[in-house]
Every structure is written in structure tokens, then in C-alpha cells.
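Both of the next two complexes hold chain A, though its partner changes from chain B to chain C.
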Partner chain A sequence: MGRILIVDDTLFMRTLLKNILFSGGHEIVGEAGDGTEAVEKYQALKPDLVTMDVVMPKMNGIEALKEIKKMDPGAKVVMCTAVGQEQMVKLAIKSGARGYVVKPFQAPKVLDEVKNVLAS
Partner chain B sequence: MVSAPVKIQHNDEWINLKIQIDDEKIAIPSPVNATIPLRHILDLEEKKKNTLTIVKKDGKTIDLVSVDKVLFVLKHKILMKCSGYRLMVQFISPAIRGGVLVTNATWEKGAIIVLKTGIWCITQNKQICIPISDVTGIEMTKREVNDKPTDVVKIDHLEHHDVVSSFILTQVSTLEILHNFLQEATAGIKMEGTELGPMDQQIAMLVYSGMDSSSIQNMLQIQFKEIDRVYEKLINLNMAEVKEIRREVQLTAKGVRYITDATKAGVN
Partner chain C sequence: MVESEFEQYRGLFVAESRENHEVIVRNLLILEGGEDPGAIDEIFRAAHTLKGASASMGFDTMEHLCHAMEDVFQAIRNKDLSVTQDLMDLLLSTVDIIEEQIDEIEEGGDGSSINVDEMVESLRRATGNGGPAETPLKTEVPKTTSLPAIETLNGNPHYTIRITIDESSLMKDVRALIAIGNLEQFGTIITSDPPLLVLEDEDAPFDGVLTIVMESDAGAEALRSAASGTEVSEVFIEEMGHGDTPAERSTIPDLPGYQMIISVEEESAMKGLRACISLERLEECGTILSCDPPREAVEDGLFDSNFQLTIATGQDPEELKKAAMVPEIRSVDIIPLKSQEPAGKKASSAPQSREQAPKKKDESKSREIKNLRVDIQQLDRMMNLIEDLVINRGRLKQIAEKNKMKEMDEAISMIDRSVSDLQVLMMDIRMIPLNHIFNRLPRVVRDTAHYDGKDVNFVMEGGETELDRSVMDGLNDPLLHLIRNAVNHGIESPERRREIGKPEKGLVQLSARRDRDNVIIELRDDGAGINVEKVKAKAIERGILSPDMADQLTKEDAISYLFHPGFSTAETITDISGRGVGLDVVRGAIESLKGTIRVTSHEGKGSTFELLLPPTMAIVEVMIVRLNNRRIAIPISAIVEVASMRRENIHRIGTQDSILLRDEVLPLHMLEEMFGRSDSTEILIVVQYNKVKCCIAVDLVEGQQEVVVKPLSRIIGVIRGISGITILGDGHVVPVLDVNTMV
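Up next, the complex of A and B:
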């Protein structure tokens, strides 16, 4: 089980992820609504894993991922993308993302991916 | 010509015999005594494991049972020659399962065949059937192929309660035709998109994600009555079915007395 930071610009998706991850026994240590806030909260909270939306205001998920990897090369980040954003997935993997889930997602699959990344 | 052992249903009895298959026809010996040109076959159905129902143009069906290896060869020969929409394509299936990209999924060269009850994606050593009744969406989208965003057709379908996505790639000129054909074949699943309001959509999304009514109630801070109204709407639109009915109870005086006594006795 891990301490997780959820990053998404919509409250609905954050709440959905929070419920899914909580039901899997994970602890939600924080939430962020954009990339800048994600980087700040990562530094402050040092979570075991981050779920990161790609398209967000201020700083997008890819930029936030790069910033977090600069601070902590071992950071475990799972990207949450919409279907059709495969270019983004590729870019995210190149930038150090450890996993990716595609929206809309199903709870058991998200939990599996998070479990795999936490165990890696 | 290949000879293959099968069991065929004939006059309400299952009989063992050896059928002959070549690139043009299936020959079934006595007592069935039938020759079926492959181009006269309209549909294939696998209702159970190791069974195959062949539907002919005249509406008659042939039910047969055999081992995987025999059925694989039989299906391949039928699918490559039967009467159906057939196109040489590249495909990835499954590419996404339950919202998670399938790792190591690669493009495979093969064919797509659209029959009455199923969309088949086949290669020399793979056969995937997507039942039309399980298709949840068909759309043209873009996917990165050889580092370039490329037009593909995406087919979403339900498989053991997971939503699975497959991608089909072919020449741009035929992709649109394939997309239109698939949309026509799956016309029954089309939605106008106006039937659901914002709250209905949120609840549908949460059901999709695997949330039960209690979690949805807590998450959206709404009354169960409201959730029930949306469930009713989804069921009436054939977008959902009842999985289970739960009951909430409250204790009677007898129940309360039992619990009170049990607590006093130190059982609880």
C-alpha cells in the first residue's frame, strides 16, 4: 500500500481516483489541481506515487513530471491520459513516467497498475 | 484438401465423422452428405468452447464440435472465403483493457472480417472474435504509428465486464469505408448523446469505474433516490442491467433487545 498524491484539474476525477485508491487500501496524502501545485506538493509530501493528469492549466502533466524527476529521479509517476493521447504517453515514458492509465478507467485496472508501479 | 474429425449434429443426434476442407468448400460425408461452398457461408458463431455454428445463405445452420486445432483451421478457411466484408489490415487487439494500455501490444498483419454476429481479426496464428452484441463503440481516432499520428479505427467492446479497445489500421482510402461499414453493422449501439444530463453522465461514469451505489452516494453527496432515478433511466435506455439488489434493514424491538442483552453479557 502506498502514500499517493493525486493530480488532476477536475474535482470529479480527483474524487473518483481518491475513492478508487482508498478502496485499494492506499493513503491519499494530497491533491493538486495543476502542474505547479503538483511539484510543490511532491516536494512537501514526498509521496510513494503520483497519479498525474496530462492536460492541465498553468503547468501540464508532462512538464510537472519532468520537474518532479529533476527533484527525485526515483519518483514513481503514473500518467492519466485520455484516449488518443498516445503521443503524450510516449513523451511521458521518455520523461520518466512508470505507468499510464487511459480515461475513462475501471477501478481494478487502475489498482493493478498502481500496485505494479509501487512494486517496481 | 484437409481431412478433419468432428462431431456434427444431424437429426438431433451428434455423430462422429471426418469432413474434407479445401479453399473452396467443406464436404461432409454420409449420413449428412452435404457440400458447402465457403462463399455460401454468411456467419460463424462460437456459442460454447469448441463448438462452431455455421450459418449458410439459405438460413440453415450446421453445428459442429471439435478440438481447437481443427476448429482453428476450419475457421481460418471459412473466414477467408465466406460471404462477409473482408479487408487486409493491421490491428492491435487488445490495445487497452479497463483503461490501462496493454504492454507489449504490437501491430499485427492480418485481416478483418465483419459477419452478422461478429467482427473477426485474424492472422495466420491468431483469431479474435468481437461479438457485435458486445461492441460499445466504433470511432475514427489517431494513434501513433512509426512515430507519426495516424488515422485508425477504434473498436471498444465488453469482455468479462472489462472494456477492451482494439485498433485497426489500413490505407486511408479504405479506412473511412471500414469505419462506415462497422458503424452500420453495429447501428444498434448508437446513442444520440442527448438522453443523459450532467448528473446522469457522472453517475454512469462512476458505475463504469466500478463504484457501488453507496460509494456514489458518498462521493456525490446525493440522496439514494436520485441515484435510483438515474439507474432506472440507464436500465430503460438498455445502458445498464441490474447486477444485484441490496436491502437496508433496521432492528425491531426484539433485535435491539438481543443486542442490548449481548452487550450486557459481554458477548460483544
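Up next, the complex of A and C:
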């Protein structure tokens, strides 16, 4: 079970993810609504894992991922993506993302992915 | 999503979807005014979010539509599609449908009763008919080449590789990066043109031709296959001879090799990405020597259910299996290779970053959430509870006074302060900036002007002015109506404006400001103004004004006939502003908010509608009077003066009692039919509404206080003359007079 930072620009998605992760026994240590906030919160909270939306205002998920990886090369980041964003996610994986989940979220898949990345 | 789970998100979904909808509309209008990359980015993000959220909630119809719309925005963003008037109309109608769907979803539906097929089809046609991709402007790119660290060169042959990416590729730079990534597997890249940094920068232009100089011992054919891939139209390779440093193959340790067969679950949504993760993780364990199908194809998902690779690694098969087994990977089979040619660049000797610094549990977890969304019904309930508190505080006060309990007085004064603060706070919480409804208006102006063939510049200011939510709710419709009127009937056609020497673009200005206890909203247009004679003629034609009276009317009085029920000066009822609803409805709506509306107009120069609104409806300062031993509350805002009554000044004119007060004859209301006959009326309360005065006779004035006005319950219905009730400190229920209906 891990301490997780949720990054998404909509409260709706964050709530959805929060409930899924919470049901899996994880602790949600923080939420961020854009990339800049994500980087700040990562630094402050040092979570075990970050779920990262791709399309966000200010700083998008890929840039935020790169920033986080710069700070902590061991950071575990799972991208949240939608069908049609494969290229972006590929870029994210090349930049150090450890996994991804596809919207609409399916609770078992999300938990599986998170568990796997936490164990890696 | 499971039904029960699903309901808890509905409110949130609706609220955020509305926000995103608004973002789209607002930015579409910006976009219509001219190209704006910021606006299209905003739109794209909002549309993308809408799509994702509706998919998550299982609102398939909405997702379907959002998806088609997102594609159009994507095409606009990529400059494959230019924004024309027709496209803008199509997009605006699309967001209208989305809004309808949100409405339906809010009411408990799933948005599927609205047929979107036609719209989706139109959107698809729009993207399909979009002209060929304009090639991005080729601006000067810094041709800096990065020098490799000398020690990475092993004296292997050098190659120049020129990769041409397909013209039709939507993400040429990503393709180039993938090619570089693949080539890196086979050696060391010495220079890249354009440099990696330029390729990684989304905004930097890239014309699709990438030139790489690299050192490799893998041979030209291996490099060719690494560099080719989806959307790569041409790969040109030239061998340049050996590097300066002598070959030192011995620096690469001989590692055992393995063949791995990895199969991915069939229902995996993006199996290419799964493979990508698996490969990335394997790469942390060792060096991937080959991949079949080629790695890039695998990462693009171009394989059936499994792919094969060979890897040189110092780790045991179990470790490899663990690394490769990411979610949705069905199985990993590992076969050790008998003898392995050490090849490729140096294999990573040890798994990196296994030992991360022990994670400190942060004691001061800053889990602050600065904003909360609250269901408005909960706020309403809270408001009610606070109102009850206010009432009971009054009762307590009276009890303490009656029983002369000093100690209790103190406690009550403490409660008093808390309750007052609570009340003020609650009022603040309920306040919403006017932008809430203002934001929709540019769209309304645009549509109305468009429909009418008018050219209008719409300016808004003061949107940050706050109003109670309940006032806001009632303001939307009348405001819409007034704005449509201004464009429809106020602003002249561009031709007409040119004729009379006005700028072709009409001006409609909406402003809001706080003025002491009121919020003033002003709508000004520089259109034709109100033709007083036309108003009079129409009033006469409608039989609501006699010709004799018409001659005596002042300009202002004549204009006030605009608000007469059923009056409309518009020659034709248009689809947009007509609908047979007149200004009387607007006035009624504003009055029900305890507000007033005023018009000033100069023919040929334009009109101004001024709405005066209380920021909140719930708390009103009233004068408590007694009549026939009953108490009545009269809103202070309506009272002009209090005078003593002289019976000899009362005259009966027709069926109406009147009274002479100083030099004015005012209608007098005894309110007998409401409160019974009283013989001891001595006081005159002069009230005024819309500049018309009248008097109410009462027995005595008891005092003045702030009260919470509660509406009459539905069971009682509407009682003429009474706008609501209030409960005083002693628990008595007192009616609040509705002055508007008296004058």
C-alpha cells in the first residue's frame, strides 16, 4: 500500500481516482490540479507514487513528469491517459513513467497497475 | 460504472462539465474574433476533459459527441482546419447539444435521449473535408550539434543516417524521437540535426528530415531497420569509416543472453504501450539485442499477441520475468541462449536506482484542500437553520429582558455576536460573482446579432460584483431578454447606421457595480433609442391608453407603457428575442427579486436599462407597525415618510379613499379587508414604489428591525399584498407587506 499523489485538472477525475485508490487501501497524501502544483507537491510530500494526467493547464503531465524525474530519478509515476494519446504516453514512458492507466478507469486495472509499479 | 457508485459523482460531473462547457464557449468566441493559440489550447483541454469524464460516467452518447468535437479541435490546433463561420456555427450548435445533455444528466438522465448522430456526422465531415495539412513555417532552427563525450566512442564504424518522416505524419517530431531512441540501441549518437532539444520542444518547427551521425558496430542493415518504422518514408545510410579510437570490444563484459517471448492480453487497451513499459523495464536489467517484430513496431502495437526479444543481462531469469510482467502482460517465457555474442553498446552492469533513499514519512503532510464544492441545497438548509437561530436569539433576548436575568444577558450577548457573524458569513458564502451569468452573454449577443445581420461590439464590466445566489437565479432570464432586445430592437442594421453617420459596429455595454446596499446593473446601447410617439400610438392601438391621455403624458410616463402587459413595439416577433414575451415579464421578474427597473432613452442615441437589485433577498430591514392590534412589517426601503393622520383630510374619490398630505393628494389604504377595521388609526405610512406614492393608515409604529423574510409556503399560495412572513423574537408570525401591489 502506498502514499499516492493524484494529479488531474478536474476534481471529478481526482475524486474518482481517490475513491478507487482508497478502496485499494492506499493513502492519498495529496492532490494537484496542474503540472506546476504537481512538482511542488511532489517535493513537499515525497509520495511513493504519482498518478499523472496528461492534458493539463500551465504545465502538462509530460513536462511535470520530466521535472519530477529530474528531482527524483526513482520517482514512480503512472500516467492517466485516454485512447488517442498513445504517442504522448509513449513519450512519457520514454521520459521515465512506470505505467499508465486508461480512462475511463476500471478500478481493478488501476489498482493492479499501481500495485505493480509500487512493487517495481 | 456500478449504478450505486455512479450516483455519488453525478453532481460533481455536472458542475465540472458546466465549467468546461463554458470554457469552450468563451474561447470559441475568442477564436471567432481571430486566431489565438491560447484559446484553442484551452478549448482542446476542456473538450478532452468533457470526453474523459463522460466516458468515465458511462454517458456514451455524450462521449460520442465530445469525441467527434475533440477531433475537430485537434484539426484546428494542427492547422489542418481553418475556422470559418460555418465551422463556428457547427461547433456552437455542438456545445449547445452538450449543454442539453448536461441538463438531462443533471435531472437524473444519461443524455442519451438527445440524438447526436447527425451532429457527429457533420463534425466528421468537417474534419474529413479539412484541407491538406499546411506545412508549418520553416523558421531558422539553431543548428548546434552536440559533441559526444569522447570516452563513449569505441572506434566502431561511423554512419550518417538521414531519415525522412512522412509528410502526412501528425507528430513528425515524435517519430524522429522514436527513430533516435531505436538507433541508440545500436550505438552512440554523435550528432543530431535538428538537435534533440529542438525535437523535444513541441513548439519548435521540424520539417521532417532528421540527420544523424552515429557510431555503431551493428551494420548498416540493422541501423536501417532500426531507423525505419511507421510514417518513416525514407532512410538513407552512408558509412563514414572507423572512428579514431581503436575498437575495444573487451570493455563490454560477456553477459549471458536470453530469448524472451512476451505475450500481451488480448483485451489490453493499448498493447503497444504495455510492451513499451515492459521493454523499458527490461532495459534497466540489461541490453536488448534484438526484437521481433522491430522494437518500434512493437511499441506501436503492431504485433498479434506476442513479441520476441533477445537480451544480454547479468540478472537471472526470475528477475527478468518479474521486470517484464507488467499489468496486462499475459505470460513471459524465457529461454537461455547457449552462447551469446556480446554485442551492442555496453550493457548496464547493475539494475539502477534499486536502492532509493529510504522514504521519509513526511510528518507535516500538507493535505490542505483550499476549496470545497458544496451542494446548494445544503447551503439552503444551513441558511434556514441560521434563520431559525436568528429568530430564537430574539426570543431568548425577550425572555431575559422579561425575567431580568443579568447572567443570561451576558450569555445571550455572546450568542448574539456569534449568530450575527454566522449570518454575515453565510450571506458571503451564498454570494456568487455576476460573471456566473455574464459569461454566457457574449454568446447570446453573438447569436442574436448574427441572426439579425447586425454588427455588435459587446462590452462587459463589473462581472466580479457579487449577488446572492437566489437573486442570481432570477436574474438570468430577464437579463437575457433585455440583451436580446438591445441587439434586436436597439441596434440598427449596419447599413442604416452608416446612413446616419454612426459607426457600423453597434455598441452594447453591460456593467454592474455595488452601490451602498444595492447592486446596479446597467445595460446601455447606442442604437435607435425609444420612439416615444410610436410607443404612444401602440398603446392607443392596444387600448391601454386613450388618445386624450396620450397627449398629456410626459416622455418618461410614455416609456413606462413599454412595461405594460402584452405591449410590444417590435413589428415582427423574431425567433430570437420575440417569443411574445414583453418587457412586463421582465419587470415582473425583477420585482419578484425586490428590485426595480428603469429606462432612459434618447431617440437616435440609444437606451439605458438600469436594474437596481438588493444583493440578497433574505434579510430585509422592516418597520413593525400595529393595526387593529395586529403587527405588520413594511420594508423600510419602500417607506418615504411617517406622518400623523388628520381625519378631516380624508376624501373619497370614486371608490378610493384619498388623503391630502401637505399639497399632495395620495390614495389611502386602510387595509380593513386584510386586518379588520380599526377605529384608532392615527399614523400614516407613506410608501413609494416606482415614483408612485400611497398611504397606509396604521394605529402605531412599534419599531424598526432586520428580519428574515420567509416565502409563504406552497400550500398557502400567493396572497396579494403580502410578500412573505417573518417570525419575530417573541415567536409571533408577522406578514410582510408587498408595497408593489398597493400603489
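Everything that follows uses one rule, which is that the second predicted complex is superposed on the first by the 120 of 120 C-alpha atoms of A that agree within 3 Å, B and C clash if a C-alpha of one lies under 4 Å from a C-alpha of the other, contacts with A are read in each partner's own complex, and residues count from 1 in each chain.
The rule is short, and it goes like this: a contact is a pair of C-beta atoms (placed from the backbone, for glycine too) under 8 Å apart; a residue touches a chain by one contact, two chains touch by 3 or more.
Just so you know, these numbers come straight off a predicted model, no measurement behind them.
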First, second, both or neither for A:I6, with chain B first and chain C second: neither
Touching partner for A:A38 - first (chain B), second (chain C), both, neither: neither
When both partners are placed on the shared chain, which of chain B and chain C touches more of chain A: C
First (chain B), second (chain C), both or neither touched by A:R98: second
Which superposed partner A:L65 touches (first chain B, second chain C, both, neither): neither
Chain B versus chain C as contact partner of A:M56, first or second or both or neither: second
First, second, both or neither for A:G74, with chain B first and chain C second: second
On chain A, the residue positions that both chain B and chain C contact, one per complex: 12, 15-16, 19, 83, 86-87, 89-90, 100, 102-105, 109, 112-113
Interfacial residue positions of chain A with respect to chain C in the complex: 3, 9-13, 15-16, 19, 29-31, 41, 44-46, 48, 55-57, 72-74, 81-83, 86-87, 89-91, 93-94, 98-100, 102-105, 109, 112-113, 116, 120
Interfacial residue positions of chain B with respect to chain A in the complex: 96-101, 141-144, 149, 154, 162-163, 165, 202, 205-206, 208-211, 215, 218-219
Complex interface listing, chain C residues touching chain A: 1, 5, 9, 12-13, 16, 20, 42, 44-45, 48-49, 51-53, 55-58, 171, 174, 177-178, 181, 269-270, 272-273, 276-277, 280-281, 299-301, 323, 325-328, 353, 356, 359-362, 365-367, 369, 373
Residue numbers on chain A that touch chain B, as the complex places them: 12, 15-16, 19-20, 23, 83-84, 86-87, 89-90, 100-110, 112-113
